[in-house]
Each structure stands twice: as structure tokens, then as C-alpha cells.
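Naming follows writing order (A, B and C), and every chain is counted from residue 1.
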Amino acid sequence: MKNDPDLRIIELGLILPPSPKPAGVYRPVLVVGQFLYVSGQGPVMSDGLLMKGKVGAELGKDEGKLAARQVGLTMLSTIKTHFGELKKIKRLVKVLGMVNCTSDFDQQPAVINGFSELMAEVFGEENGIGVRSAVGMTLPSNIPVEVEAMFELYEEQ
Amino acid sequence: MKNDPDLRIIELGLILPPSPKPAGVYRPVLVVGQFLYVSGQGPVMSDGLLMKGKVGAELGKDEGKLAARQVGLTMLSTIKTHFGELKKIKRLVKVLGMVNCTSDFDQQPAVINGFSELMAEVFGEENGIGVRSAVGMTLPSNIPVEVEAMFELYEEQ
Amino acid sequence: MKNDPDLRIIELGLILPPSPKPAGVYRPVLVVGQFLYVSGQGPVMSDGLLMKGKVGAELGKDEGKLAARQVGLTMLSTIKTHFGELKKIKRLVKVLGMVNCTSDFDQQPAVINGFSELMAEVFGEENGIGVRSAVGMTLPSNIPVEVEAMFELYEEQ
């Protein structure tokens, strides 16, 4: 039986934040052929504000991981708002996980796991886990984590 | 009526810089199936030299945005030189916008808009705006901005 | 005659390190349609340990280039372990080359050439060289270089 990610969100009691407005000249999502591309998403909280802070300075590893989970919730909200039902998604293909961190912070994978574990919970282990890079850079609005992703869609019936 | 991006370049009076030689072991562009992949491009000026400087230090936000626009002009030059007519491009799919900035600079989207607004002018709002991440890192030759992109091509008739 | 990359590895006397275990919630490789996506790989040495150090600080440009070559060997090992024979690969499409460097280091392309030259040796100049960005950021476990890649596969007979 096919996993129903929209139902899983309810079962898991997840609260999706409001979908953010694009902060520049880009689309939140774009469908090309069998693929859904999602622009880099930040950690939007339930009140619509962004989490802030650099990991390794104001935020520790575990706070960074929570921010990465919030990025995942934001991405699910963006997809539902601008694309539609999650059950049209076949699988997560590729993730670029970006951590706003100090130059000596070296645990970006542990931070981005907050995003990846959420995707595995919602889409299942088989379809919710794809390839990934988890690296450190400097992010807009001083958000701690940003993730861009590419999903494969089910073929239209 | 289909937008003609090659004509738009003339109408807008855009001056494309010379297409840069690869600065390493890579191809400037590669076509695979229906997609045109473009290697990370820097801001080449009309005399063939690169703009330089870190945003947040030697360059401000607006100078960074001008550099991002110049990256767009460089990319158009690269595509015309190594691929061919822009009218074979159906749309911009995905952009990774990279800003060489200080660790406290937080307006990468405003900088990369310089690139994105140019693409919208040349290819139109519908086809020239795709998904995007705009983030900060350290760039080769101390260029202020680098952008890599993926375009969808029209199917061959 | 088709180049045989598995044979080339033997001819070149290359020693592949052990394939690393994923350091987080992701797959080392994923096949979707005609494409093989590979997660960001670090420089694993023959004893299974990671090379460490920031380029521009503990490591110079040439040491960084050697690390990038080792990333290439690690990626070949990962592909052989988790996907299968290299001869099923048609070509390298796209590389994101990430250098863990100081904020004033500006020769990321020279570093990533260590990876790209290896791919050209193993897959040939035509098929082993794709599009690329080579940029600087902060990397997990303080590894000097990380590379993610996308390959095109031959169609199944």
C-alpha cells in the first residue's frame, strides 16, 4: 500500500508554518517533466517569522537540527501551497542542505539530519531519503539553515 | 507569440562580454536530453576582465547586484558561443546564485536579483524565472558573484 | 570502441579506498531514470580515514588538489559498491566542487581539477568532463574537499 504523506502529516501531528512569499525574483516551486524543483527554503515559524542565528555561534548543533526540521516543515507547506497534494510525489531525489555556520563548525550532516529525518517520517524510509550534500556557508537574513530539493513525481494516470 | 530572446537582447541594448575560456577541467555548457546545463559563470566585463571584490567588504549590495547582472550577460554570451541561439531555450529551470561575501552579509537574494531580473527581461517573466537558491560562500579569483544554471530546451522539430 | 572505465582503473593502477558509510540520513547514490546521482563525497584514504584540513590554512593549493583527486577515487569506490560497474555510465554531466577554504583563498578551480582530471582519465576526455562549479565553503569533519555529481547512464539494452 502506498504511503500517504498528507495523512502522515496529520498522524504525526505536524504543524506546517505559513508558506513564505518569495524573497526575490524566483518561483517557490517548478514542475518540469516528472520532477518538482523547490527553491531554497528557510525555517519559517508558525507566526511566519524566520528563525535566525549562526550555528557554532548563537546556535548549537541541536538548535541547528531543530531549525533544519523547521525548514522541512516550511518546504512541505510551500509544496502544498504552490504545487498541491504531497501524494503526487513519488520520492525525494536530491537535497542540498546549507548550514549558516562559523568557519570551524564541522557537523553540518548532523544539523541537516533534522530535515532528512522529517522527510523520512513523512514520505517513508524508501521514498523520503535521497542523495544529499550537507555543507556550511553564509545564508540570507541570517537564517541558520536553508535547503533546496528535487522530487520525482508519479506519472499522471 | 513566442518571445524571441535573441531579439530582446538587441531591443534592450544589452552588450554581451566575450565568452570566458574555462578556468579548469570542465565544459562551459552541456546538453543532455532536453536540458542545457551551464557551468558556474563569473562577471566578465566587456574588456574580458573579471569584476573582483567581496560583497560586504569592498563591494556593497548594489554593486553586488550589478555584478550579478554582469554574470547574467556573461552566461548569455557563453550560451550563444558554445550552444547557439537563445530561442532554442524554452525556459530557465534552476539557478544556484553564489555571492562571495563576508560572514555577516545577509542580503544574497537582493544581490542575485541582478541576475534573475536580467533573465526575466530576456526570456520573459513566465520562462525567465525558475527556482533558485541565493547564498554566500567564497569564490574563485575573488569574483563577487557566480551563478550556475539549468535550462529546458524546446523539443527538436 | 567504447572506453571501459573499470579496466582503465586497473591500467592506471588506481587504488580505490573503502566506500564510506553515509554520515547521516541520505543514500550514497540514487538512480532516477537515466541518471545516477551521487551524494557529496569526501576524501577517504586507503585506511578508511578522512583527509582533514582547511585549504589556505593547514593545506596549500597542491595538497587540496590531491585531496580532490582522493575525493574522485572515493566517489568511484562509492559508485562501484552501491551502484555497480562503471561501464554502465555514459558520461559525467554535472559536478559541484566544494573546497573547505579560508575566506581569502581564490583558487578553488585549481583544487577541484584534481577530481576532474581523474574523471577525464577514467571516463575519457569526451565523457569524463561535464559542467562544473568550484567554490569555497565550510565542510563537515573539516575535510578539505567535497564533491557531488550527476552522471548519465547508458540505456538498458
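Operating definition for what follows: a contact is a pair of C-beta atoms (placed from the backbone, for glycine too) under 8 Å apart; a residue touches a chain by one contact, two chains touch by 3 or more.
In this text, all values refer to a predicted model and were calculated from it rather than measured experimentally.
Q: To bring chain B onto chain C by a C-alpha fit, how many degrees must it turn, rounded to the nearest 5?
A: About 120 degrees of rotation relates the two copies.
Q: With touch defined as above, tell me whether chain A and chain C contact each other through largely the same residue numbers, more than half shared, or through different ones.
A: On the two sides of the chain C and chain A interface, the residue numbers are mostly different, under half being shared.
Q: Using mean CA coordinates as chain centres, what's the chain A-chain C distance in Å?
A: A distance of 25 Å separates the two centres.
Q: Can you list the residues of chain B that touch 2 or more other chains?
A: 102-103, 137
Q: Can you name the residues of chain A that touch chain C in the complex?
A: Interface residues on the chain A side: 34, 91, 93-95, 101-110, 112-113, 116-117, 120, 129-137, 152.
Q: So in the complex, the part of chain C that touches chain A is made up of which residues?
A: 23-30, 32-33, 37-40, 54, 96, 98, 102-103, 137-142, 146, 148
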